[in-house]
Amino acid sequence: MSLAAIIANLPALVVVVPLLLAPVAALIPVSGAAWVIAVIGTGGALISAWLLQGAVTGGVSFSYHLGSWPPPWGIEFVVDAASALTVLIMAALSFVATLFARRALPAEINERDAGKAYSAWLLASGGLAGLVMTGDAFNLFVFLEISALSSIILIALGAGTDRRALVAAYNYLIIGAVGATFYVIGVGFIYAVTGTLNMADLAERIPQVQQDTVIIVGFGFMVAGILVKAAVFPVHIWLPAAYAFAPSAVSAMLAAIATKAALYILARILFTVFAGVPDVTALALEWVLVPLAIAGIFTGTILAIYENDIKKLLAFSSVAQIGYIALAFGIASSAGIAAGFIHIGNHAIIKGGMFLAVGGYFLALRSRVSLSAMTGLGRRMPITTTGFLICGLSLIGLPLTAGFISKLYLVRALIAEDMILVMILVLVSSALSVAYLWKIVEILWQRPEGDDVPLHGDETPALYLPLWILAIANLWLGVAPAPLVDAANRAAMHLVGGIS
Amino acid sequence: MIDPVSIITDSWNYLIVICLMMGGLFIVISQNNLVKKLVGLAIFQTSVFLFYITVGKMAGGTAPILLDSADVAYSNPLPHVLILTAIVVGVATTALGLALVLRIHAAFGSIEDDEVLTIKAEAALPRVTRAASETDSEARS
Amino acid sequence: MRDNPVLRTCAKILFAPIIVFGLYVQFHGDYSPGGGFQAGVIIAAAFILHALIFGLEAGRRLVPQWLNLALLAAGVLLYGGVGVAGMSMGGLYLDYNVLLPDPSAGQHVGIILVEFGVGLTVTAVMLALFHAFAGFNPERFGDETSDEADHSRGGS
Amino acid sequence: MFMSPETALLTGIFAPLVVALLTPFLAVRNNWRDVAGPIGGVITFIAALHVANDVLAGGTPSWTAAEIAPGIELGFSVTALGAIFGLVASGLWVLAAIYSVGYMRGNHEKHQTRFAAFYAVAVHAAMAIAWSGNLLVLFIFYEILTFSTFPLVAHKESKAARDAGRLYLSILVGTSVVLLLPAVIYVWVMTGRLDFIPGGILAGTISPEVAPWLLAAFAFGVGKAAIMPLHRWLPAAMVAPTPVSALLHAVAVVKAGVFTLLMVAVYIFGIDYLADTGASVWLVWATCFTILASSCVAITKDDLKARLAYSTISQLSYVVLGAAIATKMAAEGAAVHIVMHAVGKITLFFVAGAIYVQAHITKISQLDGQGPEMKLVFAAFFIGAFSIIGIPPAGGSWSKFMLMVGAADAGMVMVLIVLGISSLMNIYYLLDPVARAFFKPKVKEVKITWHPLTVWPPVATAVLCIALFFFADPIVGLAQAMVTG
C-alpha cells in the first residue's frame, strides 16, 4: 500500500488495524507472539491517531466515507478536533497498557488463553476507537457493543485469580446491555421522526421536527444509555467491581480509556446532535448532569476513603473523576467543555498510571492488594512506588502535575459561569481525595509489625517502564500543558461551534 | 381528547412493544436467577427489534425489492438492516452472558444472585490457593 | 439418540441439502434476500444437527477445534481484507468500486467476498458456541463446590 | 561581587536541595554528613546576602523556567519582603544546623540521616517560598514545605508522633487545598496574573464586596499563619525534636505562613486597596483575639515547648495584624517583626532543647533553681525573651514600636491596648521560667551533661538579638522598599 493511500485512509486505520489484527492474535497460541500482534495493533492505531491529530491541528475537519458511500447514506468517520484528540488519548493509553501486559497478563490468566485474551484486547481498543470516530448513530451502537463485550471477556479473565471477576463481568454485561438497548431505543425514536442516522444530518433535521415529545423522549433514552456506559453516578455500579477484579493490565486499560469514549459521545450528543434544541439539552445539563456529577464526585470520594482493597479504591476514585468530567461538560460553556477534554486526557494518564503501579504490586505480592498488604512496599519497591506517588499527587491536583491543570481550567470555567457553590463543592471534594491518597502513602512507608511478606521477583523494567511513561507524562503535562490545552480548546470550540 | 379505544385499535403494535419492554426490564431487575435475568434481557431487546420494524413498516407497503412499476410503496428497508445487526449483537450478548453463567455455576455452585453474593463474601481465592490453605488448617486441627 | 435409526437416517439425508440451501442463501445474497448472516446460521445448523445425532466427538472430528477457530478468524480477515484491498487500490475502506476496472463488477465481487467472509465467521461462531456450551466441562474451571454440577448436560 | 544576582538566586534556592540529595551518600561517615548542613547553610546565607544587597540597590533578581498557563510562570523573582525572609531562613539555618548536630547526637536519636535530609529539603522549600516569582510557585513550595516537614514531626515514629503528624498534615494541607489554592486560582481567573507587584494587582478587578471573603480565604487558607481556630497543628508539632521546633516551627514554617499573608496583603491586594475597601478590618479583630487568647493559654502551660508554641501563635498574629491594619508603617513593622521574632524565638527554642539534652527537663515547674547550673543558656533565654517582649536593647522593640505607630496612624486605639496587654502577659510567661530558675529553691536534682554544640548557637542568636537593635537599618530599609516599591 502506498504512503498516499495510507495517509488518505488514516481515519479507518485507527479502527481497522486493531480490529483486523484481533483474529490473527486469536490464532496464535504463544503468549509472546500474540503480544507482538497486540503491540503492532495498538501501536499502529497510535501512529494513525497521532497523524490524524497533526492533520486537524490547523482547524480543518474532514469526514471519511466508508465504502465511498457519501453521508447521509453511508457511514462516515468524522475527524475533527474533538474526535482526533479523544482517539489520540485512548490510543496512547491502550498502547502503554499493552506494553505492561507482556509480563502482567500471562501471570494472571491461563497461558493457553493468552492469544484469545489479546484478541479481545485488540477488539476492545479498536471498538472504543470506532466509537469515537463514527458519525453514524446506529454504527455507534455496534461499536459500543463490540467494545463492551470484549471488555467483559477481559474482565472475566480475572477469574484466574479471583472468581468474583465472573460475577463482576456478568453484572457489567447485564447493566451494559440494558444501557446500550436504551441508547438504541432513543435512536429509534429520533430516526422515526427524522429519517436519518447520520449525526450531522440529525443535527440539521432535529430542530425542524414538530413532535417535540418524541425528540425529548429519544434524547432522554440516548443520554440515559450513554450515562450507563460512562459510569456516571448512579449508574456506575458496574464499574468498581469490574475494575477491581479484572486482571491488572486490563484494569489499567479500561480505567484509562473505556469510560472516556462514552463521555466523549455524551459531549457529542449534547453539543452537536441535539444542538438545535438547546432548551432540551439545557434541561438535561442543568437538572440531570450537573447534580449527578456532583453526587458522583462525593459518593466516589467518600467510598474511596473507606475502601480497603486498593483496586476498588481506585475504581471509586474513578467514579469521582468521571463526575468531574461530566460536571465540566455540564457547564456547557466552551471553557467548561475544554476543561472536560483536558481532564479526559489527564485522568487517563493519572488513573492508567495508578492501576499500572497496583499491577506491579499485585505481581510482587501475588495476592489481592489490600491496604495492609501494602505496608512498607515503599521501601521495597521504590521505583514503582515513586511512579505511583507522582500519579497520586496528580490525582489530588497539586501544582506541577497534570491534575492541577485540569483543576485550574475546571475552576476557571465554573467561576466564569458564576457557579461558585459548585466550585466550592469541587474543591472540598478534591481536599477529601487527599484523605484516601494520604492513607495509602502513609502505609507504603510504614514499617510492618512483623517480618516483611516475601515478594515474588524484583521490580523489572517490563513492569515499571510503562508506569513511568505515564508518570513522566503527568509531570510533563503539568509543566508544559500547552499542547493538551490547545487541543482541548480547539475541540471545545469545534463542538460548541455547532450551537451557534 | 385521547380516546383509549383508538389507542388500542390504532397503536396496538406500540402497546405490544411497551408491554414487552417493561416486562423484560422488570424481569432483569427483579429476578435473582442469573439465567432468568438473561431471558428478561432478551425479551427487552426483542421489544426494541419489534419497535424498529413497526416503525419501518409502511401501511400497504411492499417488501423493498425494486419493482419496475413506478407507483409502488415500499416499506423502509433500513430498520430491518439495523435490526439484523442488533439481533447479531443480541445473540453475542446472550451467548456471552450464558457462558459467564456456566462459569459462575462452576465456580460458585449456584446461579442465584443472592447465594452467589453471600459466597462472594467468603474466601474468593482461586482453587489451588484455597485448597492449600484448607489442607493447612486441617493439618493443624 | 445415536441408536435411533430414524434420526440417524434423516440426519444423513438432511445434512447435505441444508448445506446446499445455506450456500444458495449465501451466494444469492447480493441479488435477493439472503446473505452471510442467514447462510452462516443455516450451514451451522447442519453441523449442529450432525453433532446432536452422532455425538459431540463425531462433530469435533468433522470440524476440529483448530479448524473452527481458523475459519472464524479467516472470515473476519476476508471481510477486512476486502476493505484493505479497497484501500490499497486507491479507494477507501470497503470501497468495492475500485476492486475491478468495471465498478459494477467490482461491486459484485466485493459484496460476494464480504458476505462470504460473514458467512464463514457466523458458521464458525455458531459451531463454536454450540460446542462451548454442549461440551462445557465444569471440572476445568470449577472448585470443590461444583460437585452438584449438572453432569448430564452434554451432547449425547 | 563574585556572583551575579541570578546565580546567587539559584544558589540560594538549590544549595539546600543539593545538601539534601548528598546527605544519604555522605552518611557513610557521620561527620561528613553533619558538616554538610552548616556548609550548605553558609553558602545559602552568602547567596541570600548577595540577593538582598541587589534588592536594596533596586534590582529584582529573577529566573523563569516555564509557563504553565497564560500569566502563570514557573520561576523565581525576589521582592524586598522575600529578600528579608530569605536572609532570616538561611542565616538561622547555619546556626540551627550546628545545633541540630549537637542535639541529635546528644540525644542519640535514630534515623539521623533521614532527619538531616528532610531538614535540608524544608530549608530549600523555605528559600523557594521567600523568592518565589508568583503566588502559584509560592503555593507549590508551601506544600513541599508541609510534606517535607511531616517526617520530621513524626520523627519518633511512635503513635503519638504519628497522630500529631496526621493532625499537622490534615490542617495544613486541608486548609491550603480547600481555601488557599482556590483563592489563588480565583485571583488568576479574575486578573489573569499572579505575580507580585508593589501596590497589588486586585484594584479595579475585584469588587470591594468580594475582597473580605477573598482575604478570608487567604487568611484561613494559609494554615501556617496559625490564626485561631486553625492553630491546633502548631502545639501538636511540638512532638518533633527541638531543632525542628526551633528552625521550622519558630522560623521557616510559621514564618512562611505569615510571610505568605504579608506578600498577599502587600503585593496582591495592595495596602491602599485594603485600606480603601476596609477588607481587612475583620482580620484586625481576628488577630487581636488570637494574640490575647493564645497568650492566656500560654500562661497555663507548664511544658516549656508548649508555652513557647502558644507564644509563637500569638506573635504570628502580630505580623498578620500588621498586614491587616493596612498602613505603610504597620506593614513595615510586620516585615521587621518576621526577623525579630524569628531570632528571638529560635533562641528560646534552642534553650529549651539545650535544657532537655543537658538536664532532661521539659516542665517549667521542674526548672526551679536550675539556673546556676546552666548560666549561659538561661542568659540566652533571658535576652531572647526580652526581644520577644519588645524591651530595648533587643531587636524586638523596633518591630513592636513600628506596629504601634502603624496602628496609631490608622486610629485603631483598641489595637494599641491589645498590644499593651499582650506585652504584659509576655513579660509574665516568658520571664517566669528564668525567674524560677534563679530565685527559687531546687525541686529536682539532675545530672547535667555538657553538650557545647547545643549551647553556643543560642548564645549566638542571643547576641544577634542585641545586635539587631543597633544595626536594624538594612532590615528596615528592605521593609521600606517593600511598601514603596
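Order as written gives the chain letters A, B, C and D; numbering starts at 1 within each chain.
In the analysis below, a residue touches a chain if its C-beta (ideal position, glycine included) is under 8 Å from a C-beta of that chain, and two chains touch if they have at least 3 such contacts.
Quantities reported herein were computed from a predicted structural model and do not represent experimental measurements.
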| Mutual neighbours - chains that touch chain B and chain C alike | A
| task | Give me the fewest steps it takes to get from chain B to chain D if each step has to go to a chain it touches. | result | 2
| task | Report the inter-chain centroid distance for chain A and chain D in whole angstrom, where each centroid is the mean of the CA atoms. | result | 45
| remark: When centres are defined as mean Cα positions, the distance from chain C to chain D in whole Å is 78
| request: Please report how many Å separate the Cα centroid of chain A from that of chain C, as a whole number. | output: 34
| field | Chain centre separation (chain A, chain B; CA means) in Å | value | 26
| Overlap residues in chain D, where contacts from two or more other chains coincide | none
| field | Residues of chain B engaged with two or more neighbouring chains | value | 103, 107-108
| field | Multi-chain contact sites of chain A, meaning residues that touch two or more partners | value | 159, 163
| message | Dump the list of chain pairs that touch, please. | response | A-B, A-C, A-D, B-C
| What does chain C use to touch chain A in their complex? | 69-70, 72-74, 76-77, 80-81, 83-84, 86-88, 90-97, 141, 143
| query | Taking the complex as given, what residues does chain B use to touch chain C? | reply | 63, 65, 84, 88, 95, 98-99, 102-103, 105-109, 127, 130-131
| message | Give the list of chain D residues in touch with chain A in this complex. | response | 65-66, 68-69, 74, 136, 139-140, 143, 157, 162, 166, 169-170, 173-174, 177-178, 181-182, 185-186, 188-190
| message | With touch defined as at the start, can you tell me which chain A residues reach chain C in the complex? | response | 1-2, 5, 8-9, 12, 16, 19-20, 22-24, 26-27, 64-68, 159, 163
| remark: Given the complex, residues on chain A that touch chain D span 396, 398-400, 405, 407-408, 411-412, 415-416, 423-424, 427-428, 430-431, 434-435, 438, 442, 447, 478-481, 485
